[in-house]
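The same chain A turns up in both complexes below, where it pairs with chain B and then with chain C.
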Partner chain A sequence: MSTAEQVRAFRGMTRAGTRSVLIYRGDLITGAVTLVIQVVLAIAVWRIVYSGRGPVDGVDARTAVAYAAIAACLQSVLLPWQFSSLPMRIRNGQIATDLTRPLGLIWQVFGQNLGVLLGRLPLGAIGLAAAAILGALTLPPGWAAGLLSLVATVGGVLVAMLCNLIVSMVTFWTFEVSGPLIVYRFGSAFLSGSLIPLWFMPGWLRASVEWLPFQAQVYTPVSIYLGQTRGGQALALVGVQLVWVVLLTVLLELVWRRARYRVVVQGG
Partner chain B sequence: MAVIEAAELVKEFSRPAVLEGRLPRLRALFSTKRDITRAVNGVNFEVEPGELVGYLGPNGAGKSTTIKMLTGILTPTSGVCRVAGLEPSRDRARNARNIGVVFGQRTQLWYDLPLRDSFEVLADLYNLDRTTYRNRVGLFTELLDLSDFLDTPVRSLSLGQRMRGDLVAAMLHEPSILFLDEPTVGLDVVAKARLTEFIAETNRSAGTTVVLTTHDMEDVERLCQRIIVIDSGTVLYDGDLSRLKERFMPYRFLVLTLAERSIRRVADIPFATEVETSAVGTVLPYPDRSVVLRFDPREITTPELIARVSQVYQVDELSIVDPRLTDVISKLYDGLLT
Partner chain C sequence: MAEQTWLRQYVILERAALRAQLQYRVNFWTTLMGGVAYQGTQLLFLGVLLGKFGLIGGWGFSEVAFVFAMRLASHALYVVPFGSLRLTDEMVRDGEFDRVLLRPVNPFLQLVTRMFPLMSLGDALLGLGALVIFGLQAPVDWTPAKIGYLILAVIGGGLVETGIQTFFCGLSFVATSTFSLRIFADTSITQFSGYPLTMFGRATFYAFCTLFPMAFISFLPATVLLGRTSDVPLPTLLTTLSPLAGTVVFVLGYTFFTKMMPRYTSPGS
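Our next item is the complex of A and B:
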């Protein structure tokens, strides 16, 4: 298959993913309402925490509130509860039909996941709008930081997708992955900095989180956007994202190569 | 040149061993012992281009496992299979362009989306240009009568509608080889007839090679010239459908309705044996007045037998019935063939 054909096939999967999100209007509305409530609460809580206090650990009230709002929006687009149908498809044997398609399984899943993500972008926009109305959004310190935070968002999306996919792949061995997935999701929500900014974590925890791929997902783009991480330090964080993308891609390839020989189609 | 080849094809599955003794399930959690089952055990066959082959066998015979190796889903444990010159499990993506697959038990359509959307995604996956895509969807919509539910989400389709959609999905890229794994399972008579007619037509007009697995012997009789029967992972029979009947059920039935209502049995007719009416297996016009004779056409020709019977009895109606494939196959499965 030529590259152009691959790209078209990938786009087809993306479109299917986006459409399968947009077709459930009720689900989207619920998601939007939930996110708005989450954003409003986060803003309220952080404002109370900061009321009458100056900067904590060098972070002022405005930044902390904006961080909470943006991180909640990013998280809701990036890590929906049902991110990928892969574990379910392995469990019920649906994977068989995926494997008879001319596009590799990994690209199919990526295409679909990217589509889901694009379909959920309006949610994130609604969340951000709510934050803006409440006056919780700030602008990045400069256009360079704004641009870099966009790049970092793309990097964060890639790292999140790779992590999700690798965890999903475990189903090929265990056939049951909901336990690990729940641990993974809660863990990543905490360790990526979407619940609590990494600034406020104790030194030892912060140090270990820096060695994990999670901070690249949410903390990196948001802290660059808010100007909390600047200049060379910001570039270094984006570099770390790049390293994670490479490492995780290699890991995924290794896992998938072994999984291919483990494919056992359930039933029928 | 054969378009599908299987040579000494073997597939083993292993699963955690079932332990015996105390607390077997608890100990099984910590055990690394595994049981190995051979689902396919040295299967050999070749299929020529344009053939329509029935691949038959009882549940668990290894049919689906073979199909899954030929479609590249499973990697053979040993042996080789080739489909249009490619090794499916090594060359999965390229193989996918040559073949179309329908698994009756599951769907390849996008569950949440309207049927039409699935076709559009497949057009992208197989890189069909707009005109070709539109023409084919138009043609299939007409042939399989899809227009009523083209915009219905797949999850709300009936089984028959979904299966028609799946068949189109498998054929949108005009594959030269079709694998149909129980495509008529659970369908009503009308839906089944429509589907089998469509499969036969595709095979006839486009010369598409079709491998069909089914438990429905009517489908087989309607569609297949050649059948391959497997059981316990090995081939039991490979050849003509008619030859199979000749070999394992070499007789036919003569069903008589006699004018003399009181006569329920007939006197000895040479080369014919009177059997229970249930042996015919089909519904008889006058069950309580019918007499069934079984005969071997190699011993006595049908006209000759009819002549002899009419010499002795006044016959109202008569018909010739061939043994049903179901009976032949169940005889095969039961291992009565030896």
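Our next item is the complex of A and C:
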């Protein structure tokens, strides 16, 4: 297949992924309601914790509330419950058909996951709108910070998608992957800083979290957006994201190379 | 079939379901860890938050952690025996529910034994552990009566959650997908039932007592044990009776389920 055709095929997978999200309107609406309630409650919790207090660790109430709201929205877009159909395809043997397609399996799944993510963007937007109505959002300190946080969001998305893919690959060995996925999902919810920003973590915890790829998913873009991480430090965080993208890509390639020989077509 | 064989039927079906799940060893252990990770992150969050801020809504960590532990233990009582209820809406959508209707066993019983929710064992482990640890650390002078009340409250809480989930199962017969709704219930209960619910303001608190009866799961009985009933804008007698709410919610949920079941339409026919 020529590159142009491959790109077309990839876009086809992405579209299919998006459609798979958008087709369940009812789920989308309840998903939006869920996120809004979560955002509203998260805002309430942080406002209550701060009630009448000055800045804690140099972070004022406004920043902490905005962080909680934005992080909840970003998290809900990045880590949907069913982010990949790969485990299901391996289990029911559909993987055989997938492997005969002219587009590599990794790209197929990557395209589909990207589609799911795009399909969930409106959800995140609704969550952010709710936060804005409640006066919980703040603007970035300047153009540079705003732009850099956009770059960091893309970096975070890449890191999240690579992590998701690597975890899904475990299915080639275990056939059932709901366990690892759940550990991953909830572990990363905390470690990505979407429940609580790294600023408030005790030193030892923060130091360990900084060595993991998860903080690159949520903490990095949001803290840059809010101007809590600025200048050289912000650039360094984006650099860390880049390093993770490279490392995880290599890891994914290694895992996939071994997985290829593990493929068992069930029900074949 | 005779009524008294219900429990036996349950045991047989649940054992088969457990065997099916144990086929995947690695998954068994990781799922168990998944249960611990899911709830553990929540506890970690509360620990970090209160470690920094000291109080939330006037409650300290030992109290909040106790409410959290009660909630977790209640959750385990729902999720270990009834956890596979969450599969109902998928079964209704795929038409697998046809099979349920053809068998001579109560449909509800078949639904709860559809799949053994392995992750729940992690929840149960953490729930019991947390209840013992945080129960001892909570500012409560434990007497046999209080322990009895605690047990009743935990069972009641489990029934509230089961009732809510059973209600959703009933809803799945008329709505195509209740997935998000159930995720919503799960996440709200997980994320917010650990807080002193009165801190969200009166209107929200009353909603948690009626529309979405989360307050009964652990918060209301916990205020009784912690001697904080004065925090609650309800008559003390009602608060004290809160463990009974479980039965009420469950009966309501189950009635709704049986009322809605005849409206099931087999897809593709």
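To be clear about the criterion, the second predicted complex is superposed on the first by the 268 of 268 C-alpha atoms of A that agree within 3 Å, B and C clash if a C-alpha of one lies under 4 Å from a C-alpha of the other, contacts with A are read in each partner's own complex, and residues count from 1 in each chain.
Basically, contacts are C-beta pairs under 8 Å (C-beta built on N, C-alpha and C of every residue); 3 or more make two chains touch, one makes a residue touch a chain.
These figures come from a predicted structure and were not determined experimentally.
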Q: State whether A:103 touches chain B only (first), chain C only (second), both chains, or neither.
A: first
Q) With the two structures laid over each other on chain A, which partner does A:135 touch: chain B (first), chain C (second), both, or neither? A) neither
Q) Between chain B (first) and chain C (second), which does A:24 come into contact with in this model arrangement: first, second, both, or neither? A) both
Q: Look at A:231 in the shared chain and tell me whether it touches chain B only, chain C only, both, or neither; answer first, second, both or neither.
A: neither
Q. Looking at the overlay, does A:239 come into contact with chain B only (first), chain C only (second), both, or neither?
A. neither
Q. Between chain B (first) and chain C (second), which does A:11 come into contact with in this model arrangement: first, second, both, or neither?
A. first
Q.
Can you tell me whether chain B or chain C touches more residues on chain A?
A. C
Q. Which partner does A:55 reach: the first (chain B), the second (chain C), both, or neither?
A. neither
Q. Do chain B and chain C land on any of the same chain A residues, and which?
A. 24
Q | Of all residues in chain C, those that touch chain A in their complex | A | 24, 26-35, 37-38, 40-41, 44-45, 48-49, 51-53, 56-57, 118-119, 175-181, 183-184, 187-188, 191-192, 195, 199-200
(Q) For the complex, give me every residue of chain A touching chain B. (A) 1, 5, 8-9, 11-13, 15-16, 19-20, 23-24, 92-94, 96-97, 99-104, 260-261, 263-265, 267-268
Q | Interface residues, chain A side, partner chain C - complex | A | 24, 26-31, 33-34, 37-38, 41, 44-45, 48-50, 53, 56-57, 81, 173-183, 186-187, 189-190, 195-196, 200-202, 205
(Q) So in the complex, the part of chain B that touches chain A is made up of which residues? (A) 13, 64, 68, 71-75, 92-94, 96-97, 99, 101, 103, 105-108, 110, 112-113, 117-118, 120-127, 153, 181-182
